[in-house]
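Take a look at the structure below.
As written, the chains take the letters A, B, C and D, and residue 1 is the first residue of each chain.
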Amino acid sequence: MTTTSHRPVRIVATDGPGQPDRTPALDDLYRGFEAESLIPLWTEIGDLMPPQPRSRALPHAWRWRDLLPLARRAGDLVPVGRGGERRAIALANPGLGGAPYATPTLWAAIQYLGPREDAPVHRHTQNAFRFVVEGEGVWTVVDGDPVAMRRGDFLLTPGWRFHGHHNRSDAPMAWLDGLDIPFVHLTESAFFEFGPDAVADRGTPARSRSERLWAHPGIAPVSLAGRPTSSSPIAAYRWEFTDRALRDQLELADDGHPGVLGPGHAAVRFTNPTTGGDVMPTIRAEVHRLRPGTRTRTRREVGSSVYQVFSGAGSVRVGDREWTVERGDLFVVPSWQPLTVASETGVDLFRFSDTPIFESLHQHRQHVGDDPEGAGR
Amino acid sequence: MTTTSHRPVRIVATDGPGQPDRTPALDDLYRGFEAESLIPLWTEIGDLMPPQPRSRALPHAWRWRDLLPLARRAGDLVPVGRGGERRAIALANPGLGGAPYATPTLWAAIQYLGPREDAPVHRHTQNAFRFVVEGEGVWTVVDGDPVAMRRGDFLLTPGWRFHGHHNRSDAPMAWLDGLDIPFVHLTESAFFEFGPDAVADRGTPARSRSERLWAHPGIAPVSLAGRPTSSSPIAAYRWEFTDRALRDQLELADDGHPGVLGPGHAAVRFTNPTTGGDVMPTIRAEVHRLRPGTRTRTRREVGSSVYQVFSGAGSVRVGDREWTVERGDLFVVPSWQPLTVASETGVDLFRFSDTPIFESLHQHRQHVGDDPEGAGR
Amino acid sequence: MTTTSHRPVRIVATDGPGQPDRTPALDDLYRGFEAESLIPLWTEIGDLMPPQPRSRALPHAWRWRDLLPLARRAGDLVPVGRGGERRAIALANPGLGGAPYATPTLWAAIQYLGPREDAPVHRHTQNAFRFVVEGEGVWTVVDGDPVAMRRGDFLLTPGWRFHGHHNRSDAPMAWLDGLDIPFVHLTESAFFEFGPDAVADRGTPARSRSERLWAHPGIAPVSLAGRPTSSSPIAAYRWEFTDRALRDQLELADDGHPGVLGPGHAAVRFTNPTTGGDVMPTIRAEVHRLRPGTRTRTRREVGSSVYQVFSGAGSVRVGDREWTVERGDLFVVPSWQPLTVASETGVDLFRFSDTPIFESLHQHRQHVGDDPEGAGR
Amino acid sequence: MTTTSHRPVRIVATDGPGQPDRTPALDDLYRGFEAESLIPLWTEIGDLMPPQPRSRALPHAWRWRDLLPLARRAGDLVPVGRGGERRAIALANPGLGGAPYATPTLWAAIQYLGPREDAPVHRHTQNAFRFVVEGEGVWTVVDGDPVAMRRGDFLLTPGWRFHGHHNRSDAPMAWLDGLDIPFVHLTESAFFEFGPDAVADRGTPARSRSERLWAHPGIAPVSLAGRPTSSSPIAAYRWEFTDRALRDQLELADDGHPGVLGPGHAAVRFTNPTTGGDVMPTIRAEVHRLRPGTRTRTRREVGSSVYQVFSGAGSVRVGDREWTVERGDLFVVPSWQPLTVASETGVDLFRFSDTPIFESLHQHRQHVGDDPEGAGR
């Protein structure tokens, strides 16, 4: 993957509008630049300043039926313990030069924990979540609070919280991990610390303490209210609530009322109840439900997304790629690539993206509609 | 520089704690991963999740006495016009693999405009500023407002504003350009648009319209007040005000009052008067003044900085590198590298950094003091 | 109640430290002031600038057993219709000179609607809520959305939303209305508008449309997310969620975990899910549960509160007053008056206050503990 | 002035739409309400909920030529010392029942300090400012920082800062004090504390320490930057800057550029450089300049203002009142009363208002134009 490279500066003269004549004097100048670790803008501007985002990442899909057997074999061959830390297998976007990145900013991996197995406690500044497409029996313990993982649940481990996992069942479990590892790596802001080797609280409550305090609609504990936190205090967003919110939206539409994102297209966002904003400073997470026979409008957006099919099936078009996807399948939408999803039989999609980065830094743009050019702000 | 790379995924097994035994079965598993564009965390975690930031960028210095002659020769050989857009020569950090980046997030370049020369109008989502270490006679025209450039001035071109330059004097002029080009490139959020070929308003006012509206201490026009803007509406921060603010701080310290950043060390930050925050969403800009005989405390910070000596001279230590610097010289401080500056004769330093990115995303940390280990949050 | 008064200015000379000698010349000066509509600070400062808040409002309690029969008789004698608008009977604090104000900023009234009766549609800038201590069968229709009212529910009508009520049952219903009428009256910011005479949507859904969109824990509709609103979009906070959140807090305490406000004292606040802040800009609303055998710590706070007993019974001390209260009873806590509540058998208390006003304007202070003097910031 | 009143509750039956028939039974009901400290909404709603704000305050003007002689006589007769605290003479709006309030929320007073006289140190939660229409020689010492007072200066004493004054000249000085005393009194949030009897720092610097740190355009000290404060850290906004900003606006208009509030009408607002918002949480302060021959558009606004003529003269229309005003004269604009100002010869007006209260609490509305009805949000 990306490593420190001491490749020397090399300037490649180009032709085209605004470029200097290629003379020996120019060549001499460029060699002078190289000797002083300098590079002109005029040879690079086409790459650095394109008319609109041109992602190095490629639209790509990974199949659950391919991923899961590999994860199982890793379960046999690869220990989980201090040093390796996690049996997590990352989606490596084929456009990103061999780096273990789903997109230039986002990490997506299948994590696999065997029966009765533990993953050791650590913490890092990277923000993390888990989404469970199938299985149960694992508790992730976040700052000492055991959080049950079950199909459909969305679980948070915001930056710098100690966390480990333990599988209390006799079956293995595999789930999706999402993090901002590439973004933190590129911006060089990562801190990491080991915790105690053993998970301290091996309790197996149905609801975490965080949920008992915070997972009530519009209700905050007075002892903690009025103090916004940078990430959500809710460790688990349970499927029963997500599903009900999606159903409610579609029923409202049936009754003629607004709320859905488009015809036949319900969508909910997981939020931080102390701010109303995204669950973590760098990651947005949503679930989209398409009714049978629905096709979304084409959407382009600054920043990248990763989707996982939670249930049902559909066909997805990203840029010039198109796939049929079904339960567990994952695909990525690079920056500013147009996305359309359609489903004959209905589909539920989990989505996460780096949008909060762009909204916070006032770099966000999106364009919805079928104009192939996209649009300005 | 960085281009889209279709280098296939390759997994390199490593030894060490938590790593699986290297068996044919493991090898087979890894080949299976590669075939599916997958990469394990456990072979990459040491690079991806270091105990503290380990920058690929190197501490490095560039000398004004080397830069300026190269810029002059570029003035002879390289036209400024549509396509190349700007005669700007970027500092290419030797650790960044040949990319024209001063740090992983920041661009720093010397821009050079010949006598009576123009640079064409364009706009881009990248945020830009200029800092003038010497010379005058150029006006940068930002959204139609001509802004004089003079020694010591700090000038803004926030994202998506049309801007061009024109040199009204018979002398060339060279200055420092700072932008967030690498950050925007890595996060793939760049938009760019050409403007009219000719700079429309060729006026040469001493103060821009933006200054006449906004550059009054603590005073806003009622017609625009109460509406925060993402970047500062002040196009030029004039040296006379910066210098006075620095002198005032040192005089306050002489009178026994707080205000300086450290003993003998005054420092001011350029701010957005509509919010009190940084001038642009991704860039912080400051001027630091060290009195003769001053040595700063050692400081480590998440994110990177570029410094330029405005006047005087001093000695700088960044990590394990040390230089003597003087007027016009530039140096970079990579993420989490310890920085100390000392001056026998006094020095004024212009500094810009990517700190607002980390503060907005709750990833910022700093450590001040002589503890070599740095510290946690 | 308060009316425009043209009482002429009259200055009453006082004795005491810092007061001028009472001479004919002084008398002459004071008559001169009066002639020019002027009043000195020095004769008024003791009243205007006390060492700590000295409320004109008195601690006072109203008994449900007294209120309800009066409301019923009003049901017989007083129509509900255009002009009078509502059959609401306000608590008039005995310290406030005959004004219909529970405290200097808060309005609290019993509203009574007979069987099959309607209250006409209007809107006003005053923020309003309803809290139901008993009964059901009424729907309040807020901007066209019918909201069922049931025991324990807390229902919002933020400023400038059209709203009317209709009773669909054969029984009358009485509930608590809370508004910021006195605050809006004193600051002279009231607007009012009649709506259509008849309630448009006479549907009787169990859940309002607002709940179907927004009353899911930590979940927002994507179509509306990311746009903070000044008041909560949730029209009804249902008792089942409030009760569960209170039970959860007490169970967490039983398990040795934090969350309660004090020993045996659970407390939840209703919040705006788009901001994490209070439900409306001027009103805070909470429910407090004291376990049997609990006594709260003494608390003083800038601003005033109104409490209603929802269930159980307890003894309340406010300043030098003390009452035993039971279901439906109401009492007020004026600014900076110390409050203690105790219960042998357990009690649930609904509370609303004007705290957001003071927090927004940086005037809030509170003091918890048994120090009779209170404390500074 | 307003004192605690134990006037019993009295209900006055009214006639009109929606009112009950006046029968003995109704009379009996009302007597029952009175006995229980209850008041119906239906008899009060016309006063409490008017279609638009109906201020009890009256449009009123005070003449400097009347105020100043009275202040001088007070200088002879009234000491300044502990207990009386200040020789301040408040404008008492004739509509406010004899209270020393310029408007329901704002206090405005002439303060007068004799030659070589001191005013003792105290602090209070009320926010205060001073505006100097003539004279100099007094320093106000705010938390130990001596702040010179000169013609045209606007000086801050935000809540809970210790402050005293001392006159270092042989001439008396009179100035305008503005505070939120009525608002704080009505909302019962006042705290007050005596400081040491003597002003500690009797220095007479031309610029305060606060100005040396903060009164530079768009520039903040790094040691304090990035930490918003609820009030501005600038203790003095000097006339030279205010005047220049006003001149700049008018010159921009001459050049065909935007910036003025209306034709011939420049206006600047004093702001908190740490937030870009108003100088203090409850008070907005502005200076307006009308060129000769200018008439403003009619403006109505929620909340009240006090104006003082700084120089020049003009004619003012507030509601149905009209005055000719000149240097030093003061007038008030009650909530939602239409205001028009015209000047044949040019006029500079200082203005302060309670607008931040309404903006913070989402109760603000304004209407600009000649429609006599005003308008909705």
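The working rule: contacts are C-beta pairs under 8 Å (C-beta built on N, C-alpha and C of every residue); 3 or more make two chains touch, one makes a residue touch a chain.
Since the model is a prediction, treat every value here as computed from it, not as a measurement.
Note: the chain lying farthest from chain C is B, by mean C-alpha position.
Chain centres here are Cα averages; for chain A and chain C they lie 44 Å apart. Inter-chain centre distance (chain A to chain D, centres taken as mean C-alpha positions): 52 Å.
Note: centroid distance chain A to chain B, computed from Cα atoms, is 29 Å.
Shared interface positions of chain A, defined as residues touching 2 or more other chains, are absent.
Taken as a contact graph, with one node per protein chain and an edge wherever two chains touch, the assembly forms a single closed ring in which every chain touches exactly two others. Interface of chain A with chain B (complex): residues 1-10, 16-21, 23, 25-26, 29, 32-33, 36-42, 44-45, 47-57, 60, 62, 66-67, 70, 73-74, 76-100, 104-105, 109, 124-126, 159-160, 181, 183-193, 230-231, 281-282, 302-304, 334-336, 354, 356-358, 360-363, 365, 376-377. Against chain B, the residues of chain D that register as touching in their complex are 209, 212-226, 228, 232, 234, 237, 241-242, 244-245, 248-249, 251-252, 255, 257-261, 267-277, 279, 286, 288, 359.
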